[in-house]
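Down below are the structures I want you to see.
Below are two complexes that have chain A in common, paired first with chain B and then with chain C.
After this line comes the complex of A and B, so read on.
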């Protein structure tokens, strides 16, 4: 099996005559955290829908572990997804939410309890194993949602701005924890965010998209050793460089001019 | 408010009927003596005939309600799929909603020649449109984000129905069920009278009234109220509390 988990090749998606993604191409390697940043409305959600098996491309292809998605008869890949909101079933306990995806993924029942307990331990919410999601704080729900994504040992995990609804302190804690959990589980992650600083902190590699229709504007390897500190000056420096470069590409040149003035 | 206090207030509301009953007895000639009625209750309640009649009416209500829920649910899912099914089935639901209960009773009993199926059919006919309209509201407001989650994690159709859609529409189902349940009891009495049944609540009540046996009228009335309240407070509400126990965690 090659080291490439996801291969996006010449991907285009249109809604009627309106193109949302145009000739997008990138790869994601096993165990890599790739952060995708782009301006609002550039087509990030469309890209996630294609990568999650919900929306077939208009043109081009997406392969997972060398198997082309959306080809008839092809089994859908096992993936984890951490949404912007937790999307846990409020009428099922944390354990039941996890058991549901384990059952759907065909994991033998004998393994369920061990997997659930060890992940909830790592995510520090094991005492809430039999709690209803509505009883948990926003951060705890997010941890449960991350546990749901990891528990099935997916080929890859998609994360769609999962920290955007948290307060900054909780979000910083979660970023640190996510970074260490992903390193420990060697998961492959595509993380979509609006925050360039968050992307630089988390990513092994950044994929910067253009305005709609989305294509790759630039790829950038973040060469900072782990564990990282959110306040690290090198992160701030890379963030500033990226912002500087995308101002024109994202159509924010007026602001740039105003700031320069 | 705690469960104990809630029950206390409900009991008090019923107890307040007692003085009203005494007043009614003193100032009218068609309301019986409460003391006499209560005195006759033990013999009435220990009579085998009483419970045979109760059992028959309960069976008719249960059967009709079950058929109404099954039919109503199937119609709701069919109509929710849009297209031809929606266009063809919606007029039936509207028609059933607007049909006067007495007419439904007469037609059903004529079709089934006063057999047991006739009683069950008319309860089903009167209750199913309430189940359909209630469930349709639930299906139309289903949480698309949870549906998408279920799709991404490859939940089977059965798992999706059982763990995602079912619990989501449960409040709508319970609301519909309570309406249908109340309606079923109202209609069964009418149907038993129209159908000239030989057994059941309705016909016993009707006999007692026809021959002006006021004591019996009151006994049947009290028992009817007790059975309806039992179904509501000892069956439906506990079931509802169990299904929605996750809400108390908020």
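After this line comes the complex of A and C, so read on.
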């Protein structure tokens, strides 16, 4: 098996005649955290839908572990997904939510309890194992949602701005914890965010998209050793460089707009 | 405390109104005292319990049938546009038909047998249940459907774990509504077309100008239905929605 987990090749998606993604191409290696940033409405959600097996591409292909998605008769790969909102089933306890995906993934029942307990321990929510999600705080629900994604040991994990609804202090804690959990579990993660600083902090590699229809504007390796500090000046420096480069590409450069006017 | 006080005042006002009406509309409206005496007497007769059982059997059969059928139709209509296109005009028509029309047509078509009441009752209640369930299915959180697809949860498991629990509040509302409507209609059906049951008994007393026992049986039946509603359906609701508290 090659080191490449996800291979996106010449991917295009259109809604009728409106293109949302155009000739997108990138790879994600095993154990890598790739953060995808792009302006609002550029096609990130469409890209996630294609990567998650929900939306077949109009053109091009997506392969996971060398198996092409959307080929008829082929089972979809095991996937973990952390959504913008937790999407836990509120009528099932944390344990029952995790059991639901374990059963769907075909994991033997004998392994369930061990997997659930060890992950909840790592995520520091083991005391809420039998709690209803609505009785947990936003941060605790997010941890449970991350546990759900990790518990099935997926081929890859998609994260769609999971920290955007948290307060900044909780979000910072969660970023640190996510970084160390992913390193420990050697998970392969595609993390979509609007926050360039968050992306730089978390990523091994950044994929910067253009405005819609999305294409890769630039890829950038974040060469800062782990564990990282959110306040690290090198993160701030890379963030500033990225912002400077995307301003024009995303049509947000006030200076140029003022000149044109 | 405020609730109890409010209920006591309302109860007292009803009693006063009843006394006034019984004084002015004698013998058509019996006095509360005469009604209590009649109730006491009726409670000692085995016929009351025989009629109560007959009514309860019809009520439970029709309630269960119409709730189940209405739920299945409501889910199908809520999930599938083609099924909705077929059923929606039918449901609208069925909701517009007055309840006695169903009863009359059921009597004309099926005679005055046991099935008549159950069919009439099911025809009245089913469209209401279907409509409530359909609205709930269409208003469900579709992001949870997406979550189920992403985690490759089977369609049946998605239905039982994701869709059905979302319908519980609507099913309880439909159940309560269906129950309230069912026992009123079953009384009407019995009065018009059945030889036994509480409705037949009230109608029989009324036709014999025995207003006090007619009032007494009707009131006792209402009380029993309220108790059932509170003890069974409310308890069921609290249990099913305990994750909300």
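The definition used in the following text is that the second predicted complex is superposed on the first by the 254 of 261 C-alpha atoms of A that agree within 3 Å, B and C clash if a C-alpha of one lies under 4 Å from a C-alpha of the other, contacts with A are read in each partner's own complex, and residues count from 1 in each chain.
By our rule, contacts are C-beta pairs under 8 Å (C-beta built on N, C-alpha and C of every residue); 3 or more make two chains touch, one makes a residue touch a chain.
Worth saying up front: this structure is predicted, and the values here are computed from it rather than measured.
Student: Should chain B and chain C be called a clash or a fit once both complexes are overlaid on chain A?
Tutor: clash
Student: Going by the contact rule set out at the top, does A:229 touch chain B (first), chain C (second), both, or neither?
Tutor: In the superposition, A:229 contacts neither chain B nor chain C.
Student: Have a look at where A:25 lands relative to chain B and chain C in the superposition and call it first, second, both or neither.
Tutor: In the superposition, A:25 touches no partner, neither chain B nor chain C.
Student: Could you look at A:68 and tell me whether it touches chain B, chain C, both or neither (first, second, both, neither)?
Tutor: It touches nothing on chain B or chain C.
Student: Report for A:240: first if it touches chain B alone, second if chain C alone, otherwise both or neither.
Tutor: neither
Student: Pick out the shared contact residues on chain A: the ones touching chain B in one complex and chain C in the other.
Tutor: 52-54, 76, 78-79, 81, 83, 85, 87, 89-92, 100-101, 103-105, 132, 134, 148, 152
Student: Taking the complex as given, what residues does chain B use to touch chain A?
Tutor: Going by the criterion above, the answer is residues 145-146, 148-149, 151-156, 159, 163-164, 167, 246-247, 249-250.
Student: Note which residues of chain A are touching chain C in the complex, please.
Tutor: 52-54, 76, 78-79, 81, 83, 85, 87, 89-92, 100-101, 103-105, 132, 134, 148, 152
Student: Help me check something: in the complex, which residues belonging to chain C touch chain A?
Tutor: Chain C residues touching chain A: 143-144, 146-147, 149-154, 157, 161-162, 165, 168, 243-244.
Student: Quick check on the complex: what are the chain A residues that touch chain B?
Tutor: Within the complex, chain A contacts chain B at residues 52-54, 76, 78-79, 81, 83, 85, 87, 89-92, 100-101, 103-105, 131-132, 134-135, 148, 152.
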